[in-house]
Structure formats: C-alpha cells, structure tokens
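Some structures to go through are shown next.
First chain A sits with chain B, and in the next complex the same chain sits with chain C.
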Partner chain A sequence: MIKLKRLRRDDSLGPLESVLFLDFIKGLTITMKNLLRKPITTQYPKEKITPPKRFRGKHGHFVYDGTEPPSLQAIQGFMSFEKGKSRCVACYMCQTACPMPTLFRIEAVQMPDGTKKVVRFDMNLLNCLFCGLCVDACPVECLTMSDIHEMAVYRRSQAVIHMDDMEKIGATNAKTVRELPDRIWRNDKERETLWGKVKWNF
Partner chain B sequence: MNDMIFTAIVIAVKILVVLAVTLGLGAYLTWYERKFAGHLQARRGPTVVGPFGLLQPLADGLKLMTKAPILPKGIDTKLYYMAIMMALVPAIMLFAVVPFGPSFKIMGHEVKPIVANLNIAILYVFAMGSMAAYGTLFAGWASNSKYAFIGSLRKAALIVSYEVVLGFAALSVILLAGSMNVFDIVDSQIKSGIWYIVYQPISFVLFLFCLLAESGRVPFDIQEAEAELVTGYNVEYGGMKFGIFPLAEWYLNVLALCAIATVLYFGGWSGPHIFGPFSGFIWFLVKTFGLLFFVLWVHWTLPRYQAKDVVEFAWKYLLPISIVNLVATAFFVYFKG
Partner chain C sequence: MASSINGNGFITTTVDELLSWGRRNALWPVTIGLACCAIEMMHAAASRFDIDRLGMIFRASPRQADVLIVAGTVVNKVAPMLKLIWDQMPEPKWCISMGGCASAGGPFPTYSTLQGVDRIIPVDVYIPGCPPTPQGLIFGLLELQRKIREKKVTRYEKAFEEFKKDLSPELLSGIGV
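Up next, the complex of A and B:
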C-alpha cells in the first residue's frame, strides 16, 4: 500500500510571509544551494557517459567462432559459414518481426555444394526505431545491438549499414557488451557521482 | 592658466577611465552572468574559449560584429538607428555621478574620482533613468513589429510607475543626508558611522524593486518576457545592433544603479582601511558587486510577474508605502535632527 503525502498550499500568503518576502527567500536558498554544489553536467565531446548494458544502439552481427547456440549447431551443416564472418542463416525472422517493412534487405544464395550462403544483409537505420524486436526474433543469436549511439552521417546512403559493418560491431562493441554483467550501469561509482546512490526497495 | 590645463587633463582622464572601465566591465559582466547562471543551475557556463571561458565576451563581440546587417521591412530607419544610441548613452551617462572613492591629492590639487560632481546628482540619476525609456520606446516603435511594440509599451508603463516610487524611496535618504550631492551623502554616513540602510530598510527594499524594474530584471522583466514576446523591444535588431541593448540595459544600467544604491544605503566607500591607499575604491567596488550579485541571483531564481500585476504592484502597494515612509522620515528628521 503506497502512502501518499498530500501537501496543501494556501492561495494567499500570511501577513508575516508577505512582509518579509519569505517565499522569495525560500527560492533564493534553493538556488544558492545549487550554486555551492558541483556541476552535474557532462562535457560531452570531451567526456562521455557509458551507456547501460541493455542500451539499444547500432546493430551488429555475432560472428561464427564456436560460441554458437544449439539451435545453430543443429543446422550449421546446411550453411556455408566462414570463421570470423556473420552467422546469419537468412531466416527472415528479423524482417518479419520488424514494424517497418522496408528496413531490412536480406538475400541468400545456394552454393554449388547445396549449402546456403547469406550474401546481403542491409539495414536502413533511417527507418529504424531501435525497438529491439529483430534481436528478440533472431533464432541463432546472430543479430544484436551494441552501445554505439553516435550515428550521425553526412548522407542518407551512409545511414544504411551492411553485413561487414555489422560483423565488425559484433566482434568488438557488441561482444564487450555481451560479456558485461546484466545491470543498468557498468560502473556504479561513475553513476553515483552523477545521480547519487541508488536505494533498492526489497 | 596652469590650473585650467590641469583640470582639463584630469577631466579628460576621468572620462576616458570611466568609459573604458564601464564598457569593458559591461562586456565582462556577460561572462560573469553566464558563469553565475550556469552554476546556479548546476551547470558550468562558458568553459571552452580561453581559461574558464574568459575570452567568451571577445568571441561574442566578434561574432556579433561579423553578422550580416539585416534591416526589417517597413522600419523607420532613422529612429531604428537612433534607438540604439538612445539606449546606450543614458546608461553610460549614469556613471558621470558615481563616486568611485574618496577624494585624493595629485600634485597639490584635490581630485575627486567622479566625472561630474553635481549638487543634484540624485535628480540627475532619475532623469537619466527616465531617458533610457526612450531608447526602448523608439526601438519598439521603429521596428514595425507587434512584439517589439508591446514590449516597448510595457517598458514605458513600467518606467512611469517605478520612477515615482524610486523618487520617493531615494527622497527619504536625501532627507536624512540633507543633500543631493553624492559626496555629501557618503560623508554624512561616514560622520555618523551608521549606513542609511539601518535607518531606511523599507526604502532600500523599494529602491531594490525599482532597480530591478528599471533595468528589466526578473521578476519585472515584462518588456523582454522571452516566453511571450520572444525578446521584447529588441527582437528586430541583429548583430551588434542587438548586442548594445542588453549591454546598456542589463549590465551598464544595473551596475550604475547598484553603485547609486551603494552610495545611498551602504555608505559608499566607507569601510576599514585594510587595503592600504586604495581601501576606499575597493570597498566601493566590493559593495557594488555584492549588490550586483544579489540582482543576478534574484534574476536567475524568481519567476516573472504578469504585466498587469507589475504596474498594479507599483501604484497600489509600493507608492503608498514609500509615501508613508517618507512622511515618517520627515517627522523623524524634523523632531530629532
């Protein structure tokens, strides 16, 4: 049961309050407290806050490196994978889950030995709303999201990311994010200096 | 003949020093205000240009001066340009009657650190304060813009109401001092050893309200009212033409009125002689900047009054209070002094 504390405030000030400007003084003390406090701003280009673990940033592909889940191990004989390249199986589940029909462009071909090879995996991030549904839909833990959030580009065409970009992200940023403990802030000390100590209500 | 040349040189030096100091100070007050406002809101203020952002005013000036001169359609060009000077000149002229310290001797001549030692200095301050309204009014009228015009009308209403209160508030101090000369006012405070704020706290609060209203500071900044009027009377000005208005009104006017308030209520340059020969000057600056600090502090804390409330407040509450205060002071001076 949540207990609400209700504050009542009279419309008119009391005689003492209005003569001595007590409400003015209250406001002035608040700003003076702020003046004596350390600035809480982050000087952005010089210092950056690390995004939380579950931050949904630029997409990446985890690569084929022996850490595959059982769902992929069962079918990897039918795929022509290379070590250190994307482990996408072109099942189109991400495209199906996506609320935006034109975001993904995925193509796969059949190799001479009968295996399947993904030749194209483009994402137009201008259409993306970073909901993360595609990541949830991926059955082989290939598609993922990293902590990269500075994605400004000079041309619209540069906003489309390709498979090789995503492989790179999957091998670097997304990999470090995956290995972090699952919590909001990587570094509690850094967080507490900015926003104060968290009190968990158990 | 020698005396005359000496006097001419002294006056020229005084004018040069006052102009250079006030204009330079006015520019650097922008830095001070931005830094102060930043820290009041737990931000940092300017930090990039120079150490602690100290070169920011120069960068701002350079930016404003290199802007393309754009004239809006349908303006009254003569008034449009004249308004800039009409705003700036009275603000600078206010410094003519500010005594920066006690009189001292150079080569056997007594020199007073004031440009014009008038015997009606306080009246002169009121006159120049009212003159500043013309700059605003002309700017609003000449701009051919409804926001600018509403802003300037509000400023006119404000000046008309608060000049009266300002006069009555300062009059009670003049009654106590028995003179309108700034040197006499300070000297009488030094002689009695008590600053007039002790005798006249109500008058000081009224003066402070008028100071905030005259210089367009919060909570009486209805003529600028960013949320309603964009930026009020100077909305159609650009580049350095725009830069002059805040410089004149927000910085020079406030600084001059703070200096006058220091003279009237805080005993001018009186204070213990702990800084050697420049003690008087330093005390004067300390008091003036303390008051300025308070004005900025109020500006960045309080919300704004409504336009109708501001004028109503002046006529219905401040004016009766100031008149009662004045009459009480008159009785006090008549029977005690």
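Up next, the complex of A and C:
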C-alpha cells in the first residue's frame, strides 16, 4: 500500500520566505531580465528576415545559357531556344503534377523549320499552393522557386505571372538562392556537427 | 502633390492629406480568422513582426475597425456572416484578401466554397501565398497604406465601380451588375 504524503499550504513557506518575499523577488528577476534584453521585433520594412534556402516562393524559369542537364541536351535540337530565354519545353508535366487544374496556361507552337517554341507560360499565383510539386516534376530543371514572398497586388490580373517575369526571377533571385549555402542554420559548422556534411544538389 | 494643390486649392488638399495621413497610419483590422492563414495573421501581430509599430491594432468589434483581413477559406456558410461584419464596419473601410483560399478558392474548387471573397466584398489588396508569410502580410498592409496615400479615400460605391473595371464583361452580365 502506497502511503500518501499530505502537504499543507501553510508548510510551504518558511519564516524567512514569508518575511523577505523571496518568491516575489524570484519572479521579478525574470521580469527584469526580459526588461533589459534586446527586443526580438524585426523592424520589417527596414530589416527583413531572409527565408531559408529551401523556402518555396514565387516561381521562376531558369534560362537557356549552357548549363542544361543531359535530359535537355538530348532534345534541344527539336526546340527553338534563344540564349537568355526560358528553357521550357512545354511538356506539361508541371500542369499534370499540379493539384489545381486551372493554375497553368501553357501554349506551344510549331515553327516553320519544325522545331517547337513555347509562346505562353502563365501561372495564376492566387490559385497556387506553393507545394513545389511542379518544380519536382520538371524534367529539364527549368521551373524553379525563388525566395520572393512579398507578392501583394491590387488586382487579380496582376497576380498572374508570365514567362518574361519568370525568366527575370530565374536569372536573379532563383540563381542566388541556388548558389548560396543552406541558410536554415545560422552557420554551417553548427549544422555539420549535427548532420555531417550535406551536399545540396538541384 | 503639386498638381493636386493647383487643381483643388490649398485648404482642401491639406485637409485631404491630413485625413489620409491619419487614416493610413491607424488601420485597425477586425479580429476574425477563418483558417490557417489566421495563424500567420496572429504571428504578424505577435512580438516578432509587431504590427502595432505601424499603428495596426486588432479590434474585437467591427464598429471600431477599418480593415477586414479575410484570412482563410470562405465557405458558403460563413459568407453571410462575413458580409454582415463588412456591412457593420463604418466607412472608410478596406478589405485585404489574404491567401489563395480567400482570393480564388484555393485548393477547394468545390460546391461549398466561395471562389474568391471578391464575389461578396470589394477587395483592395490580394496577397497570394498558401499561407503568406507574416512579412508578406505586412507588405500587403504597406501596399494598402500606399494605395490610401495615392488614391485618397473613396466611397464604397466608387470603390465598387473601380473594382468592376477589373471584371470581364461576361462575368458582369452573368451576375447581373
């Protein structure tokens, strides 16, 4: 049989504690500590928190600039690409993988010499879940996601991004994100002690 | 500013500027959250991204509020209540549609979900994202401040006329406006 120990409320405070208010001082110490600490507030428009490397933001297109994967090098003869323009091949894999049926609008035409040219690649960001399934599905490493998360617009039509916007993002933001080291951890050393050396490849 | 002084006269312009300054620096949102976007909205109000800095304090009553942040999925059942809250807010008032669900139905193209809150309320700022980050929301609020500064305050009817310009003619004939 277990013996239950009875505690009385009067027993918890000793004579010293009841006279000197030690509990109050303990509590006020925490208050004072927080009073003297630096505030954690981010002054948003002046200073911004950088999203981690694998943040899924606004979409971008990597451009045709000689860094193509082998899957694209095999078929680039059939496409009419231009240097510095999108390397999309209009395979509709992103549209197939997307959970939203109306998000993508992709159109391609056949040029007079028989090659294929992508003339339209629109994405309605208001429908987008930013799940990244389209990026995973892209077989030619064209579609990507940048760290842009400030996307407020005044009109619905402004939320639709077109191919030239995405080429711009792919050449600037998405490229820097791709080249930077992983930013989830504050420094790489701290990460390596926990996880070992991690090689990021896209 | 210079052109508006020449056009409208000095006193009117100054009063307009003063009112606009007061309104854009004291945007009080209503405390209403409908889905997971509300978590990010609370995060924006908490100490990390303290929107009290920008003069935005969440009010518990629509009678004291200026901004309606529609944060989350608007299902058909909650739509009349949201419309009631919007009607109870005194003018001038603004609406922010936060996230994909409120803006365009999001991942719910179903019978029970309103496909965009702008079918019942004229929206000033759309914020894509699922959900938008707190920084994205604060950017939207700053965009709203910019809109108030540039466009001054418009009445509800005028705002609706502006809003109708964005809709397609087929849609307008369909809803009978």
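Simple rule for what comes next: the second predicted complex is superposed on the first by the 153 of 202 C-alpha atoms of A that agree within 3 Å, B and C clash if a C-alpha of one lies under 4 Å from a C-alpha of the other, contacts with A are read in each partner's own complex, and residues count from 1 in each chain.
By our rule, a residue touches a chain if its C-beta (ideal position, glycine included) is under 8 Å from a C-beta of that chain, and two chains touch if they have at least 3 such contacts.
Every value quoted in this text rests on a predicted model; they were computed, and no experiment measured them.
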Which of chain B and chain C A:S157 touches, first, second, both or neither: second
Contacts of A:L133 with chain B and chain C, given as first, second, both or neither: neither
Which partner, chain B or chain C, touches more chain A residues: C
First (chain B), second (chain C), both or neither touched by A:T31: first
Partner chain(s) touched by A:T41 [first = chain B, second = chain C, both, neither]: both
Intersection of chain A interface sets (partners chain B, chain C): 39-41, 43
Chain A to chain B touching residues, read off their complex: 24, 27-28, 30-32, 34-35, 37-41, 43
Residue ranges of chain B touching chain A (in the complex, touch as defined): 36, 38-44, 47, 297-298, 300-302
Interfacial residue positions of chain C with respect to chain A in the complex: 47-50, 53, 100, 103-107, 109, 116, 118, 124-130, 132-133, 135-136, 138-140, 142-143, 147, 166
Interface residues, chain A side, partner chain C - complex: 39-45, 48-49, 51, 99-102, 124-131, 149-157, 159
